[in-house]
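Order as written gives the chain letters A, B, C and D; numbering starts at 1 within each chain.
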Amino acid sequence: MSKIILTAHNLNKSFGAVTAASEINVDVAEGSCIGLIGTNGAGKTTFVNMITGYLKPDTGVITFNGVDITSLPPRKITQLGICRSFQIPQLYNTMTALENLEVSFGIIALQESKGALTTSSKAIIPSYGKTIRELALESIEKYGLLQYKDQATKILPGGVRKVLDIAMAMSTRPKILFLDEPTSGVSAEEKFDMMDMIMQVIRDAGTTVLFVEHDMEVVMRYSQRVLAFYEGKIIADDHPDIALKDDRVLKYIVGHSQAQHVLAEKSDA
Amino acid sequence: MSNLLIVLIDGINYAAWLFISAVGLTLIYGVMRVLNVAHASFYAFGCYVAVTLAGFWFSHNYPPHLSFFALFGASFVAGFIVGWILERFLLRYQYAKDEVVILLITYAVFLILDDVLKLIWGVDPYYASDPYELLGNFSVGEMIYPNYYLLMVGAALILGLGLTYMLKMTRSGKLLVSVIHDREISSAMGINVGRFFSLTFSFGCALAAIAGGITTPTISVVPGLGVDVIVLSFAVVVTGGLGSLPGTALAAIIMGVVRSFCVHYVPQLELFVIFSVMALVLVFRPRGLFSLAEARKI
Amino acid sequence: MKLDKSLVVMLGLLVAIFAASPWIPQWILFIITLAGANGLVVLGLMLFMRLGLVSFGQALFFCAGAYTTGMLSLLLKVSDIILLMVASGIIAGLLAYLLGFLLAKYRAIFFGLLSLAFSMILYGVLVKSETLGSTDGFTVNGLTILGLVPDPTQMKIVLFGITIIVVMASLLFVNMVLKSPRGLLLTAIRDNEIRAEYMGASAKSTIHLIYVIAGVLSGFGGAIAAMVSGHIDPNMTFWTTSGEFVFIAILGGIGSVSAPFIGALIFGVIQTIAYGYSPNTWQMTIGICLIAVILVLPDGLWSLMAKMRKNSRV
Amino acid sequence: MFSKKLLATLVLGASFGTAQAQAPAAPAAPAAPAELRIGIVSFLSGPGAAPFGVPARNTAEMLADAFNNAKAPAPYNVKGFGGMPVKLVVIDEAGSPTNVVTEYRNLVQRDKVDIVIGYVSSGNCLAVAPIAEELKTLTLMYDCGSPRLFEESPKKYVFRAVNHATADSVGAALYIKAIKPTAKTYSGLNQNYAFGQDSWSDFQGAVKMVMPQLQEKTSQMPKLFAGQYSAEISSLLESKSDVIHSSIWGGDMEAFILQAGPRGLFKQSSVILTGGEVSMFRLGTKIPEGTIIGARGPYGVYAPKSALNDWYRSTIIDRYNAPPNLAAYQMAHTFMATKLAFEKALAANGGNKPSSDQIADAMRGMTYEGPGGIHKFNLSNGHQATAEMVYGRVKHVNGQIQLVDQKRFTPDQVMPPDGVKAADWMASKKQ
């Protein structure tokens, strides 16, 4: 059992009457790949938002590598090594795909030069050993976006925006990556190729990943562990084979037919 | 020294004037997210229309007590028409632009209209104080006030409550509120957003003009009298929370009363009052007293 | 650090104008110098616009710079141009640094209007300070440079030279900032602040930094204006002055560091023509120009320059 | 390269400006070589236009025509300025002093005017004066009242052919002493900007000098162009002062009168409007009886009877069908003083066009008569003129207003002696 790098202890969050999270307790082991499932409004994104600092839990503690990050702003959490992608890709819409990545590496360059005004775009980023431009081109290629590199992001197709969004998150070389519905808005044909590619990159980088997903096929295929959310609670936390057979999960989230279908498929494989 | 009642009366009276002057601005912003600098020109326009009509009215000895309706009505209509033209032929094509750019467009319009007014009415001051004196006075202790102040307070109340009623109760009001909350959805639901916009804008301009009309009998109408009003109105509207009627009302009252206190007790501070209040409020409530809620971004 | 063509041209042009200055009619020289002063302020506004912010109170720092110069020479009898310039920049920058803590939290219209409020408060303070001549302000004279006391005509040239130097330095500095990763970050923050934060950047401290830079630039601008026009008064921080700066920024566009100065120069010409040509309707003239630019050249005159260059290459 | 285009634009634009700058000038003859170009700077826009700028410009244009056609009575009957036709270049005074300074430079260096007459705002006067000295251009301030103009540093080319603001305040105090010796208390309502503040402190000084027994109650300083004075009026009413001093002008003054009249402020206290003459005829009987009206000097209705005054008034009324107000008179005086000084210098120069220095020498210490009577350039080593000061009280006579109880004060009563700062003078003379 590899070491625990992220722990969420007894998180509660409510918006007025709505309870978005109640008594959430999760430990995340280094290198694991976890799927977060649940119907809309079950509290998946709230969970992600709390960990990544967009929301502050009403109660509870989040620690990352032993550091309490509960009330840190997103940028600090990112600097510590937790990054995320978004359900609706969050891009810089007036820029090209390449520039979007250059911004990400530029931010790192600034951090490493302590934000000096003289920081040059051409210089090599010490900890990466490459220049911003090189790094940007490299990841553009790695994520198969070369053909889009000089297009304004606002005109990119949905799937490409998703990938770029994730590529940007990965550019910070996070220890933990959250993917918020990576396949939503991606066509059925593309989704597996895309996920294969992304998961490959993530595995190579040795990044721990938690992904919010509605598509049970995707969940089965990539996750070693599933957290099932319902009305802000975690109603199941186990290996997908077991979690997806859990009555309440079947009742509230997956629905029997789909479950059988998915599990059947898996046994064929 | 002066007793509080007097201070309060002066404060309320000034507050009423501030509210009347600012309400059009906040309405337009609330609905269209347009901060209309030309508001100043419409205020001035209202003044000129009213003062001209008043001169005509009283020289022809029409029934003096009807003059109020004539004055206010005239400036309202005039403001509405010009406002409509402005929206229809210029602003309508700019909504895609950035909030601040639209603001600059209205600033340019303000510069232009200001000179247009000068070309029409020249630089001579006009006044029409008959309506002001018509109503006689009331007195608090031995302090005499013209009843016209009551009329201004009344006008402020009517405007405030009337608008609230329109937004809350009437059908088109409710539709308008939905437009305020989400343009795209509303137009998807088949609401003619464009029409609401031109109506709102014209109406807002009409309110600015009527504010001028109501003020006219107490002042002398001179070139450039809008400039001061627009800056004050900005302060009031922003302090109240852009686009919020109750906010505007509350801000007007606070500013009016605070100012009146200064005038009576520390006249030296009068000059800073308004903007200090504004800055203070914004420091503690960055989006003003009654700010519109913001939607989740991610 | 690589300089793009337009900047090189601009710098060359500045040197050329300075070389020619003895032969340029005084009144044109005066307009150009003032354009330099305004341009410095607008250069700051341009950085704000890169961030998607517009300040309706930048005149605050312009005025702060001017009054620093004025009061130092009036009360402490400091007369050296260079000393006054530096002091003005520092004071304005300091002021910006302090206000920045507050204003960096604000966005969109609120940023603009809160800065407006502060500039109007300063206006009130200055109007109230009768020892400084209230709205009359006071004259700034008896300037020296490095112990020399040039006669008025030479002084014009000296000030012009100083202006040119400050402008060139500012151009290079701002160019450096924009060419650094921070330059792209500004646009990123404008486009999507939340994402930028999630990538580890701090919008607040970036805005704060820009606020200080703009403050210092405006301080220089104010100092120059004070020394060149020889008179300062609270009007320098009145909201209409800030409005003029925004106008110039729109006029020039944010496409290049040179744009603000082009804009300022054109504005100077428009204004003086408007005054002479239509003394009764100069406001209208300026208003029409503003609308025309926004409708026809949404990216400012600079976009026109850029187009011309493209065509000339083709 | 675009940059060249830019310079071209600049220069073209500017020369274009020059060409056009002359367009709005008086309908004088087309530019002849031997014409004398006079820059007229005054408010043509904004609240200062109606009370000051426009009446003054009208007078300037009327006089220019009259002089060019030799229609004016003696001693101004010489054609033009000593035979030279005068050509006016009129520009707006509006904008910040920086703009005003820019436009002044353009007038002198681009439009090549020989003399500049103008400036209502004392801020602009103070801003322009040093430039006038620098450019060695004869410049006359026709309205602005700040004593600082000559007190801060002596001037060589700057003149003021009329009283400065001190005369308003001292005259007002003297008038109170004359007609209301029993007064105990006084208050003020002045606009919150330099002129308002200076007028008030001047009046305070004058009161200490003339009738020290007066107690100050309250000083209201509403924002310039505020327009709404209900709170201020309440506070003044509460102060129950015997005397209220106000230097408020233009639309603000009219608004103040309209708002305060019905509330009985003018019944309770004697209100002094130091510049009240400006709006006198437009407001007519709206100005309550007993209001004390000043005109900054022997101007308007206070002008002494003379052929010159009759000619001036009637010509202005014929041309603009409104009587000339104090600003018009100030312009008339300044313009006429310039003509005399110029012709004096011309003669001294053997009929050749005199230089600025020669005109300045001729004007320094000169005595001249205008529609407002005799004025002497006898202060600030001959650059600041002085004249008598007149105040009177409003009386309604069958729907018209008249000024009764007129009191005239000699120049040395209302203006400090030569070489003494106004403030010091008032301080030194207090009992």
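In this text, a contact is a pair of C-beta atoms (placed from the backbone, for glycine too) under 8 Å apart; a residue touches a chain by one contact, two chains touch by 3 or more.
Everything quoted here is computed from the prediction, not taken from an experiment.
Located most centrally within the structure is C, per distance between chain CA means and the overall CA mean. Interface comparison, B-D against B-C: more C-beta pairs in contact at B-D.
Each chain's centre was taken as the mean of its CA atoms, and the one lying most distant from chain C is A. Averaged Cα coordinates give chain C a centre that lies 35 Å from the centre of chain D. Averaged Cα coordinates give chain B a centre that lies 33 Å from the centre of chain C. Annotation: 75 Å between the Cα-based centres of chain A and chain D.
Under the contact definition stated at the top, the residues of chain C that touch 2 or more other chains are 127-128, 194, 240, 280, 283.
In chain D, the positions touching at least two other chains are 44-45, 192. In chain B, the positions touching at least two other chains are 115, 118, 227, 268, 271, 298.
Those residues of chain C that touch chain B in the shared complex are 54, 102, 105-106, 108-110, 112-114, 116-118, 120-121, 124-125, 127-128, 194, 239-240, 243, 246-247, 250, 280-281, 283-284, 286-288, 290-291, 294, 298. For chain D in complex with chain C, the residues that touch the partner chain are 1-3, 5-6, 9-11, 13-14, 16-18, 20-21, 23-24, 44-45, 90-92, 94-99, 101-103, 105-106, 108-111, 121-123, 126-127, 129-131, 134, 146, 148, 152, 192-195, 197-198, 201, 224. Looking at the complex, you find that chain B touches chain D at residues 1-2, 6-7, 9-11, 13-14, 17, 115, 118, 123-125, 127, 129, 132-133, 137, 143-146, 149, 215, 217-225, 227-228, 259-260, 263-264, 267-268, 270-271. Residues 44-47, 49-51, 53-54, 192, 218-223, 225-228, 230-232, 234-235, 237-238, 250-251, 254-255, 258-259, 262-264, 279, 282-283, 286 of chain D touch chain B in their complex. Those residues of chain C whose C-beta lies close enough to touch chain D in the complex are 9-10, 13, 25-28, 30-32, 34, 127-128, 130, 133-139, 141, 152, 225, 229-231, 233, 235-236, 238, 240-241, 262, 265-266, 268-273, 275-280, 282-283, 305, 308-309.
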